[in-house]
Each structure stands twice: as C-alpha cells, then as structure tokens.
Amino acid sequence: MKVDVAVKDGLVVLGQQARRAGIGIRNGRISAIVDDSADLEARDEVIDAGGLVVFPGAIDPHCHFWDPGFPERENWYTGTSSAAAGGITTVIEMPLSDPPTVDGASFRIKQERARAQAVTDFALWGGIVPASLNGLDGRLAEMDRLGAVAYKAFMCWSAVEYPPVDDGVLIATLEALAARGRMLALHAENDAIIKYNEQLQHAAGKRDPQAYLASRPEIAEYEAIGRALTLAAHTSTPLYIVHMTLAAGAELIAAAKARGQRVWAETCPQYLLLDTSALDRRGPYAKCAPPIRSRANVERLWPAVLGGTIDTIGSDHAPFPAEQKDPGYTDIWEAHNGLVGIETMVPLILSEGVNRRGMSLPRAAALLSTNAARVFDLYPRKGVIQVGADADLMLADLQHEWTVEGARFLSHNKWSPYDGMRLTGKIQRAIVRGRTVYAGSAVQVQPGYGEQVLPLRADVTATNTRAPRP
Amino acid sequence: MKVDVAVKDGLVVLGQQARRAGIGIRNGRISAIVDDSADLEARDEVIDAGGLVVFPGAIDPHCHFWDPGFPERENWYTGTSSAAAGGITTVIEMPLSDPPTVDGASFRIKQERARAQAVTDFALWGGIVPASLNGLDGRLAEMDRLGAVAYKAFMCWSAVEYPPVDDGVLIATLEALAARGRMLALHAENDAIIKYNEQLQHAAGKRDPQAYLASRPEIAEYEAIGRALTLAAHTSTPLYIVHMTLAAGAELIAAAKARGQRVWAETCPQYLLLDTSALDRRGPYAKCAPPIRSRANVERLWPAVLGGTIDTIGSDHAPFPAEQKDPGYTDIWEAHNGLVGIETMVPLILSEGVNRRGMSLPRAAALLSTNAARVFDLYPRKGVIQVGADADLMLADLQHEWTVEGARFLSHNKWSPYDGMRLTGKIQRAIVRGRTVYAGSAVQVQPGYGEQVLPLRADVTATNTRAPRP
Amino acid sequence: MKVDVAVKDGLVVLGQQARRAGIGIRNGRISAIVDDSADLEARDEVIDAGGLVVFPGAIDPHCHFWDPGFPERENWYTGTSSAAAGGITTVIEMPLSDPPTVDGASFRIKQERARAQAVTDFALWGGIVPASLNGLDGRLAEMDRLGAVAYKAFMCWSAVEYPPVDDGVLIATLEALAARGRMLALHAENDAIIKYNEQLQHAAGKRDPQAYLASRPEIAEYEAIGRALTLAAHTSTPLYIVHMTLAAGAELIAAAKARGQRVWAETCPQYLLLDTSALDRRGPYAKCAPPIRSRANVERLWPAVLGGTIDTIGSDHAPFPAEQKDPGYTDIWEAHNGLVGIETMVPLILSEGVNRRGMSLPRAAALLSTNAARVFDLYPRKGVIQVGADADLMLADLQHEWTVEGARFLSHNKWSPYDGMRLTGKIQRAIVRGRTVYAGSAVQVQPGYGEQVLPLRADVTATNTRAPRP
Amino acid sequence: MKVDVAVKDGLVVLGQQARRAGIGIRNGRISAIVDDSADLEARDEVIDAGGLVVFPGAIDPHCHFWDPGFPERENWYTGTSSAAAGGITTVIEMPLSDPPTVDGASFRIKQERARAQAVTDFALWGGIVPASLNGLDGRLAEMDRLGAVAYKAFMCWSAVEYPPVDDGVLIATLEALAARGRMLALHAENDAIIKYNEQLQHAAGKRDPQAYLASRPEIAEYEAIGRALTLAAHTSTPLYIVHMTLAAGAELIAAAKARGQRVWAETCPQYLLLDTSALDRRGPYAKCAPPIRSRANVERLWPAVLGGTIDTIGSDHAPFPAEQKDPGYTDIWEAHNGLVGIETMVPLILSEGVNRRGMSLPRAAALLSTNAARVFDLYPRKGVIQVGADADLMLADLQHEWTVEGARFLSHNKWSPYDGMRLTGKIQRAIVRGRTVYAGSAVQVQPGYGEQVLPLRADVTATNTRAPRP
C-alpha cells in the first residue's frame, strides 16, 4: 500500500508486546501497521528500523524552558531540540516563566513563543499562585480554553516569581478545579520544615552540599504528600504528585489508589540513578528540589517504578547556566536548584530500567509515554502506536553503549549531572507526526514545526493549531 | 496492499480505544491494521464491518462439553458451534468428562475428540482429583506437555466422577503446581456447610427451588474463597477463582491483589443478570452451583466487574438435556446443576454491561478476551487485535435488539435460563484465524477446523497442532 | 480500725466494678478499703456516702485560669473552687497566662499563684511557642525540674501572646521532647485553612455565629490531626490531641493506636452535648475553638468515647467575662473564643454518658480520672481508689435532677453554655487528700490548701510541695 | 479491725500497680485492704507475706483431669492438688472425660466427682461434638443451667471419644450459641491437612518425633484460626481460641479485635518456653497438639503475650502416665498427645515472663487470672484482689531459684517436659476463699473443699453450691 512515510522492520512496541512490524504514515498519522514491511510503499521516505526498538514517542510531562523570561537558561528551540535528541516528541512545559503562566494573557504569550520555536509538539501547564485566588475561576476558564492540560502549584518556595500556596489557598484551588473536572499537580514539600532546617544550617555557617541535603529532609516531602492526599480527597480533585522521590511516599500513594482516590505519581531519573554521593562529587550540579536521596531509598523506589505505583517519568529539566550554578561550589545556597535532564531522561530509563533492572518494553512505553498521554488526556492521539494516532515515534538502539557528555547536548546548557556515566541504550531518531525531527545527532526540522496538543476533553473549544487534514 | 481477507470499516477495539479501521489478514494472522480500509485489497474475501464493533474474538475460560462421556448433554461440535454463535473464538474446556481429564491418557482422548469436532480454537484444562495424588508430578508433567493451560479442582462435591479435594490434598496440589509455575483454579464452596444445609432441607422434606438456595448459603462460598486465598498464599501458587458470585468475595480478592498475591477472579453472566427470583420462575432451569444470588448482591457485584477486581467472564456452560432437568420440577434435588450459556455469554455482557451499565468497549474486550488470554498465557497470539496475532474476531451489532430463544441455539440443548429476555447487542460474525466460522445464524466451517492453542510458556514442547505457516 | 476520716457505705468504683464499701483515710491517703463500713472508726470525720457513687476524684487535664495575667477572667481561687464544685480534685492548668508558662521563671510565678490560691490539687503544663526554640532544651529542663507534666503547643493562632508553631518548629520541638521522654499536646487545627476561610467571611461582610463556624471547617482539624500524627510518629514522640471534636479524627487516632503509635485523645463535653444549633441560640456564649460541630458528628463521636478511642475528658474551661463575649452578639468575631465549663464537666458526662447512653461507672472513672492520671504520670498517687493512693474522691448522686444555672457557679464567670439544661446526676462532695474541699454548695477549705502534684517520673528532682507525712 | 484471716505485708497486686498492703478476710471474702497491716487483727490466722508478691489466685482456663473415665491419668483430687501447688485457685476443666461432658447428665456426673474431690474451686466447660446436633439447644440449655462457663469443640481429631465438628456442624453450633449469648472455644487445626501429612509420614515409615512435627505444620493451625474467625464473625458468636501457638495467628486475632470482633486468645507455657528441639530431647514427653513450634516463632509470639493480643495463659494440662507415653520412644505415633503442666504454669510465666522478659506484675495478674475471670464471667467474684471478691490469692517468691522436678509433683503424673529446668520464682502458698489450700509443699485441705464457680450471667438459675454466707 502507498503511504507517505514507512518505518520498516522495527521491533515495535504494540500494547503489551513488542513485535517486528512495519508502520505506514500518511498525513502525519499512523495509517497502517503491517506484519510484513514489504507491503509498505513510501512516497516520501523509508526509514529502516531494522534492529531498533520503535516506541511511541516519549512525552515529558515535566520540563522548564523558562521562556519567556530567562533567555540565559533555555528557550523553546534549544529546549525542544534537546527533548527530541532524547526521544521526546511531546513536552508538557511548566508555568515557571516570566511572566508566570497563570492566566490567559501569559498563556498566550507562551503559546506564541512555543509555536514559533518548538521542534517537537508541546502542551502547556497552567499555573496557580496565591494571587490566582483573585478571579480564580475566570483564570482557570481562560487557561482551560487555551488548552492547559492541568494545573501546577507549589507547597514550598521555589522561584520568587512563583510563590507557594498555603493550605487555605490550596483547598480553594482544589475546590475550583474539582468543579471544572481538572487535575492539580503539586510540588509536595513542607515549606516550614525546609525553612527551619535552612535556618539551622545557616546558623551553623554550613555552606557545603550536604548542608543543602540536611535542609530538605525526607519528612518534609513525606508529610506534604500525605497532606496533599488528604486535602485532594476532601475536595475529590484529581491529584498528580510531581517528582516524587520517596519509597515511603510511594506507599502513601499506593494506599490512596487502593482506596479509590484519583492520584498519579511522577518520578525522575535523578531520583532513580543518583544518590546523595552525587552531591559530594558534583556539588551545585547535583542540586535540585526535592534533593537527591539516599541509596537505600533509591533501591526501594525502583519496585514502585517497575510495579506500577509510579505512573510517569518526568525529566524535571530545570536547566541553569554555569553562572547560576558555579557560585554553589563555595556556598551551596548560592546555586539555583535544578538539573539539565531532558536529553538523558529516556536513555537513562532504557539503560538502568530496561537493560539493568528487567523493565519490560511495554512497561517502559507506559512510563515514558502512554501513561502521560492518558493522565493528561492526550490519548489516543499521543502515547500509543495505533492506526489513527499521531505518528510520534522514537527509535532506540538498546545495545548501543555510550558515555554521557553534556558538552554535546542540544540544550542551551552543556552539562549533565551524569557527565561521564556509561549507558547502554541510545535514541537514534525521533519522529513527530511522521516527520523525523531528530536524527544523526541533529535536529531535522525548522523552529516552529512543533504544534500545541490540546487535551481531548469535550469542552476545549480552542482551535487546534494544527493545519486541517485533507 | 494485498491480503487474503479484509475486514473493512469496523469500529475496531484497539487497546484502550475503539476506532474505525481496516484489518488485513494473511495466513490466518492479522497482517495489517490500516486507517483507510480502501488500502486493503483482498484476494479471498472482503468483510464489510460497517456499523459493527470489531472485538478480539471472545475467549470462554470456563465451559463443559462433557465430551467424551455424556453424549446426551453436548459434544465438541455442538458446543463449539454454540460458542461461535456467541462470538467466542477460543474455548477453554473443563476436565469434567468421562474419563475425567486428569492425566496424559485422558488428555489425549479429549484432544482427539476436540480436534475432530471443534469449529473454534480450543485449549484444555487439566484436572485434579484426590486420586491425582498418586503420581501427581508425573500427571502434571504429562498434561503440561500436552498443553494444559491450568488446572482445576473442586472444594465441594459436584459430579461423582470428579470428587473434591480436601485441604490436605489441596495443599499438596498447590505445592506441586507452584514448583511447576502453574495456576490452580478452584470451585470455592465449603463442602461441609453445604452438606449440613442439604441435610437440614432433606430432613424438613423440602424439595422446592428455594430449598436448593438455602443449601448453599453465601457463607459457604465466602469461607472457601478465604481459605483458598490463605492456602495459595502459603504455597505461593497462582490462583484462579472460577464463577465467583459474591460482592463480599470480590472484596477478599481485591485485598489479596493489593497485598501482591497472584490471584484472578472469574464471574459469569448468570450472577450478573439473574437473581434468586429466577429459581421461582424457572425452577430446575435456573439451578446451578454456586447458586444464583440475591438482587442486592448482584448490584454490589457489578462495580467489581466494571472496576477491575473481576478479571474474566466465563460462561460456565454446563448444559443438561430436559431429561436431566425436568425431574427438578417436582423435586429440585433431582435436577442436575448447570446452565446452558455459551451462546449468550457475550451478548448478555454487551447488552447489560455495555449498553445499560456504561462498560467501555475496551473494558468489555478485556473481560471477554484479553484478560483470559493473558491469564492463560495465550497472549499475544490470542486476545488482541494486533498485527501478528491470530485473526480471531467477533463482529457485534450493539444496536440490534432481539429476544433470547433457546430453541434456536446451536448447542445440543435448546433452552436458556434467559428465554424470552430482550437484549440489545448481537453477534453477527465470528472469525477464527481469518476464516468466518459463524455468520448468518449458521456455522461456516467443517468440524475439525478448530485447533488446540498451546500456552506460550517456554517449556511446552508439544507440537502445535497448527499447520506450519509459509 | 481507727482512721482519720471514714467514707462509709458508698457505691465505690473499684477497678472494673462498683460495690458497696467503706474507705478509711489516714494522713490524706487511703489506708483501708473495707467490705463492712462498720469496721471503720474515724477520729476526725465520718462521711456517710449511703446512696452516692464514690469515684476517684476527677482530673481535668485541660483548663485555663489565665492567672497570672487576666484577673478579669478567672484566678486560681475561683477556678479551683469551680473545679471542686464539679467533682474535680486535680486540675492540670494550661500555660496560656501572661507571662505564658514557657520557661522556669514563668513556671515559678504560676506555681506561687497556684500554691497560694488553689483549693484543689494541681499540676501544670509547660508551654511551647516559636520563641521557645531559643534555648529549647534548657527551657524544657527547667520546666521538667519544676514538675511540668507535659507540654502544649498550638498549630493555629489562638491568643496573641501564645503564637502557634509552624511545622519546622513543631518537628524541632517533637525531637527535643522525644529526647527527654516527654509528651506534646497539640491544639490541632490548620492555621492557613482557618485564615483563608476567615477572610472569605470577612470579605462577605459576615458577622453572625454561623460565619464563625464556616471559618473553621472540619477539614481544618482533620488535616491537622493527620499531620500531627505523621510528625510525632516521625520523631517517636508521645502525642496528646487536646479537645478532639471529630468522629473522623477518632478514626485516624484509632488507626495510629493500632499501629502502635503512642497517642492519646481528649474530647470535651461541649463536643458531646452541644451541636451547631447552640451557636444560633447562644451566639458568642457558644463560641469556642475548635467550634461546636454538627449533630451528625456528635452522634458518631460518642461511640469513640464509649468504646475506648477517646482516652480523656477535659473541660477546656476557657472563661471570659461578659465584656469579652457580648460584643459577639453584633459581630461574632469580636467575642473571645472559649467557654465556662469546669463546674459542669463531670455532671454532663454523668448525665449524658452514664444515665442516658449506658456508660459504665468504671468507664466513667477511667475517662474522668484514671486515664488522665496514667497519661500524665500521676498514677497511682492520683486517679484510683486504692490503698496508698491520695484520698481524692468525688461523691455523686446519680439520681439527682437539676438545672444548670451559671449564676450559681463558683467560677468568676457566672454563665454557662448549658444554662437551663436539665441534668440527672450531681456532685455532692469533693475530697482532696482526705479533706472535704467542697460540700453543701460551698468551698470548705482555705485558699492554698491545694498542692502541686508532680509526675512520678524518676527524674523529677523538685521537692514535692506537700508537707512530709508523719 | 477484726477479721478471720489476715495476709500481712505482702506486695499486693492491686489493679495497675503492686504495693505493700494488708488483706483482711472474713467469711472467705476479702473484707479489707489496708495500707498498714497492723490494723488487721485476725481471729483465725495471720499469714505473713513479707517479701512475697500477692497475686489474685491464678485461674487455669484449660486443663484436663480425665475424670470420670481415665483414672490412670489424673483425677479431681490429684489434678486440683497439682493446680494448687502451682498457685491456681480456680480450674476450668475441659469436657474430654468419659462420658464426654456434652449434656446435662454427663455434666452432673462430673459435677459430683469434682465436688467430692476438688481442693480448689472449679468451673466446667460444656462440650460440643457432632452428635450434639441432635437436640442441640436442649443440651445447651441444660449445661447452661448447670453452670457451663463456655463451650468447647475441636476442628480436628483429638480423642476418639470426642470427635471434631466439621464446618457445617460448626456453623450450626455457632448459631445456637449466638442465640444464647454463649462463647465457643475452638481447638483450631485443620483436620485434613494434618491427616494428609500423617499419611505422608506413615508412608515414608517415619516414626521419630520430628515426623510428628511434620504432620502438624503451622499452616494447619493458621488456616483453622482464620476459618474460625470468619465463621464466628458470620454468626456474631464470641470466640475463644485455645492454645494458640503462632505469632502469625496472633496477627490474625489482633486484626479481628481491631475490627471489633469479640475474640480472645489463650496460649500455653509450652509454646513460650519450649521449641522444636524439645522433641529431640524428650521425645514423647514433649508431644502435644498443636505441637511445639520453632524458636523463631516463640520469639515472635512473646510480644503478643506482653503486648496484649494474647488474653490468657492456660496450662493445657493433659497428663498421661508413662505407659501411654513411653511407646512413643520407638514410634512417636504410639504416644498420646499431651503434657503434664498445671503445677508449672504460673512459675514458668513468672520466671520467663516477669523475671526474664520484663512482664509487669499487673500484666502477669491479668494473663494468669483477671482476664480469664472476665472472659468466663467469673469477675469480680474471682480474678481480682478487691473487697467483696473471693479471697483467692497466690503468694509467690519471685527471687526463689529452683529446679523443676516432676517426681515431686502432686499430680498423679510424676514427670514434666521441663524436668531439670532452672526457674526463678516459686509459689509459696495458695489461698481459696480465705483458706490456705496449699503451703509447705502440701495440700492443706480435705478433698471436696473446692466449690463450683458459676458464671455471673443473669440467667444462671442453678443454686450455687456454696453455702450461704452469714
């Protein structure tokens, strides 16, 4: 049969199995999945995937491009280029830009930047800050209309331009979201416990990386997760815990799921591959929030990833240039919190999860793509290799050994907390709506190729930015 | 593209969605799934599924054909014909024949009968009776080699030729199965409680249908489920509870699953559509074991079906001719226990579950096909519409209203406990390995078209009965 | 036998029973319990308890006398007089005076006031406020040495002179207490949720009593109880939840107890006898914190009181004069939070618990006396009728019907939220260390008769204020 | 004051404390408890308890005297003499005599034997066997009237004259008892599992003590406890699990208690002091049912004893003479199941529990006396040192070191599974209703001094055998 593009002879992850198959693409969508790739006759391009695993393109539910607002850190072109190089075909970007994405106006500003620059598809988080209470429902209505997939708030201080909500604002927010059927994502750490511990460290004159760890103990996150579950259950609001780092936290979430609460949990590669020793080795370049945890916790967190309590992997790509990190070598408090990570997210999970810890290919696809598509209501347009779905694919060579070198990243930031780490498993190609956006170590499309993906809920009335299909 | 058979323009259940697609079939397997059915050029047959839902062919994990042994009841030809008319493309037949299927020799006898007569594909249960203890591991090894998908035992008396195991034999059986990595299915009712209550009824001279209900109270099943879970957990043996009728039992099973126990539960349409009033209306023709339960229980069991605790639907097709039922009109104890049901299993779930209680099409496919394929290790050859899978499909018209008439059944038995019930949703066609086995109210293949499906475990060394593929 | 004082022929609550017995007292302690009261020959006084129930004197673990600091509200003489009139023989007074009782110096000031004025025995709470962190362990050591029975902090704002601790201070406090083996009591309400709701009410211009209720929803207390349990479990600190009002909170506490956490819960008569309608009827005179709850909650809280989850009854006597209450009639926010209640605590429980809801006499003794003695380490000196124990007794007439009249209270405050309520069960006499301190509606001892009771822990090195016994 | 008997200067266990006190006794009851023993003037006898701990006399809820029926094993005189020597002042004797105590006639026969021979007070269990179903309610009514404290049945075979009940009979029994408000005690082991394992051992020709252990695995008891809890919950019948041996069983029971089920558990010294190695050392003389368990289980069972899940200690004194034990040296199956134990029960708990594992004196009193009195409705006549209670006391020297020598037992059987074990803590005196029944290594009263104790339930209409009090 005639198609535009044919991806031939890959080991394709189809539902609960992986099997050799061919994928035919027309008008950017998967139009055929065939047993025998020879049946596909491609008008435009034949991609030979022999020997590679073909996953649904990864979805990163958690990244910061700081654009608009902080051009020294990242922007939509460098950010999505780096994503594509890591097999990610859709990013869901966080509202911590300047202005913060907390209403229709700021949302539109970001939409424009993204449309102009993105090389992957993208969706956008809406933001909630204390000031959002002023006209909350109107703000939500605007952002809903513009396609916000869900909303994000902090329980502790992060950036000055994005203050945390206290429990009063939090309940009001949860109630407003419940009324609209929307989900809230929370950065769950207890602000007062962190502040108290920071003061202890400051008072003791501590400025080394371990002092930072001491300022954000596990109990700060554990307590906040418990509180978030309690309040979201009270208001019956769907809840998404971002960058959950704790094995004990996974138990809280598993128990809530068993009670029928609608809650999902995300973790990040840094909480699965690094441990507190990274702070000693890399100092400010391993500083993020929540902080890297102990090796014991890492080992007990993996079963929750393999076994189903953890739903999604996010990169929490929150990149800062050396000028905003290096001061931390002498005073850890002077370094910004956040890691470069969007380009390594998928390879790290393939290397450590699939190749070293026995994660199945379907489970990897679920964690890296399908679950996020379902949680954020992008399924079945995204997140699955199925006829009719967008032809978003990542082709991975699971045998390829390589060494992480931040210097080669397509991100604006040329460093990685994993610099020098040997991995097995590498992304060879990323395809978005049938077009190869990344291959041969380079981006293959122009800025602006990426489109916004709208959630598939009935009441999104915004016009999809995508051109009509013939 | 050229295929042997094309199923065009159906609303195809693909993973977690249903969408319009075409299915191309070559050599009995799905060789293409395409967005635009026009791409398919069929050498042999084009099936227009316009307006129909295309499900993976249903798998009935629980049916009795009594063949060899009881030709007056059913046989492999009538049984699988009736199955096909109900959308079932693979039956997993129970070991209660004569001789009972409890060793290699009896297994081979049944294999031959089935191969000669079946019009659908089939798999076979192995059986465990007390006498199995004599050389248990050897018996299991033989049946394993011949493709037994799992093993079945009773905790209470059913047929004289198939005695129940006591807890001593049960533990020994569980241990032997655990050592081989095999699953045990149990008919879970407490024998002593039933016997005691039967005696009470007999002593009181009761012979009416309600006396039968009184003899098998809910506690008899509830206790047995609890005990089965305890003993299987003790030996770490995978456990499958057949025809689970109780809402309270579903809670026991949900709790066991939450603890990580490998346990699956099946229920049957009769426990979801009938209630105790059926005994008054139909007498012996509504007598089965466990018995039909109260309306309150039915309503509380549905959430477990819709919500995920129940894994599979089985027909428990256990047909008896009128001569073995009618004596029950004057003395309920004189009627055999069992219902005709294989032809109505799927339509009942479509009508009551999908059309009346909001079951999604993917959930229906999971309950009726995919889950059974996974539990019995037939996946991904069976249970899914995916390239490479067997082209086993059922085409259903979800809008079709009709009335159950046992007199029209393809079963040897021309009655139904649902006679006269109005249903919405009907099977139009069943396809096994690309060939239509049922359409137009008639079987379309010769006896013997059906093949044995072997579990996909590594150590099944038996030759698959299926002809080699070119 | 010769004794100083004999209490004859009462129905004495002895362990798990009540039986007719005589009590002989020498040197202020129980020196004999006899079957036949005729055996007792009293040198000083014979008290005929015929027809009365003799309980161990009640212990009020939660009262505010505001002395020093607020003479217009209450003082140690009026407060303990009112206590004695209510059958209370030991009060444990809260640290919310001015200066607050948060270190050695303020503790000594209060000790002197109490020693000079009290007519019942007394123990003292130590206080924790945010400023306590400055030299926390030293403060605790001082208060420990002076006999603080336990420590109290607030999770929300109450009085300006006694600010709440945030979670950082709370954890530091819990850790310091755990190191010393001491217990923390918490007023558990979520400050931010209350503040947010207050603002909503203020913004809406609401000033009526129901607005006050709306500002302190159940979730504010429920969340705080959960958080307190989480943090105290983290630090392994014994925890005491004061004035717990919620049936759902009792479930959290029961689950924590079942997990082995050392936690105790107190509730108050106002949460067991009043419901939200009281706010409509009495306005500011029914305003307290946490607020009075719904009738539905009251009915579900009683089983926790009768069944064992609730350990103690406290009065939370927090009296304010009319000048500090009356402004609430026009603007509820202008009324102070707190109720007059020490004189009615025991009669209310006897009337509603024993006479109307079937509470046994031993259970009443446990809730009103024995449990508090054990929790605060006063047992077996206080809290039990046993030879060797202090002869602290209350004599109650369980048949006596009467009407609450605040105007007759011995408290400085002549009002009651129960004014006009008919009760069955009245205190006739209170005996402290063998001496009748209250009888015939009047105090029978001089100010200063009361002594401080020290906890019986090994490391209390302070000299007991009590005169040596001959 | 004048009393008949004075017990002076003991360290008396009074409720939740132990303190030096004097006890005055009149007419067999405690008539005074005094601080200063000098106040007691005794007409008949002064007992100087200086240096000894005075406990409420122990109650053995589980002993077999086999009388009538098996004079070669034990009788009421030797049995109660041995009990008294072990500090036991009330025995509750099991129905496994010949005839078994399963109806009014057999109950009366046993009553007469006991009245004629007992030197301690006694209560009697009623028995349930399958044949009891014939006229069950009438049998229960008779035994109730005669003072049966509760009823006992077996879930597995024990003695041929006392067959086990199957689950049908069990439910019928539970229902009948629930209707009467009575409690059922169960020997909880799964009969079929034991039989199966016995056959395995027999088939393998095993006759050594470890073969016996292998025949009664932990799962047999664990499953039966779970089943007993399920069925008793179904019928709402109070349940008492005798000789519970398993740490895992204690968890089942703790969970049931937490759910509010009325269930109590007994364990025995043999499951707390011996482990499976005893079978190797003592062969048939360590053979009992359930069998002695592993050391690991013993260590995990102690916390349930210290912490409150286990309610009572029973001796399960089931003595057999050497002729019925010795054949077990060559063939373990030829030895009867049961141990001599009534004389060592209390000393073993005092030595191992109080002196070595930190059990408090009040907890020891609860386990050995008070709880049994409450469970079997003998409280407050028995089980507590309180005025008005029967003057049943045991005086123990907790410092006394000695060696167990069965040859010195007052039992008919002169052996012990603890022969040669060094203990710390010995009984010096046992007092029943004010009279010393054991002291100076000898019984001090005539056969027949012991009286039947009737449960204090309202509907016991039998005349108490005790003479009226003046």
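Note that the chains take the letters A, B, C and D in the order they are written out, and that residue 1 is the start of every chain.
One rule holds for everything that comes next: a residue touches a chain if its C-beta (ideal position, glycine included) is under 8 Å from a C-beta of that chain, and two chains touch if they have at least 3 such contacts.
Quick caveat: nothing in here was measured; it's all calculated off a predicted structure.
K.L.:
Taking a step as a move to a touching chain, how many steps at least join chain A to chain D?
P.N.:
Graph distance in the chain contact network comes out at 2.
K.L.:
Going by the average position of its CA atoms, which chain sits the greatest distance from chain A?
P.N.:
Most distant chain from chain A: D.
K.L.:
At the place where copies chain C and chain D touch, is the share of residue numbers found on both sides over half (same) or under half (different)?
P.N.:
Since more than half of the residue numbers are used by both chains, the interface counts as same.
K.L.:
So how far apart, in whole Å, are chain C and chain D when each is placed at the average of its C-alpha atoms?
P.N.:
Result: the chain centres lie 42 Å from each other.
K.L.:
From the C-alpha centre of chain B to that of chain C, how far is it in Å?
P.N.:
Inter-chain centre distance comes to 65 Å.
K.L.:
Compute the distance, rounded to whole Å, between the mean C-alpha positions of chain B and chain D.
P.N.:
53
K.L.:
Line, ring, star, complete or other: which one describes how these chains touch?
P.N.:
Graph shape here is a ring: one loop, exactly two partners per chain.
K.L.:
Using the touch rule from the top of the page, what pairs of chains touch, sorted by label?
P.N.:
The complete list of chain pairs in contact reads A-B, A-C, B-D, C-D.
K.L.:
In their shared complex, at which residues does chain B touch chain D?
P.N.:
These residues of chain B touch chain D: 166-172, 190, 192-197, 199, 219, 222-223, 226-227, 230-231, 234.
K.L.:
In their complex, what parts of chain A are in touch with chain B?
P.N.:
1-2, 14-17, 19-21, 24, 26, 29-36, 39-40, 258, 374, 379-380, 384, 386-388
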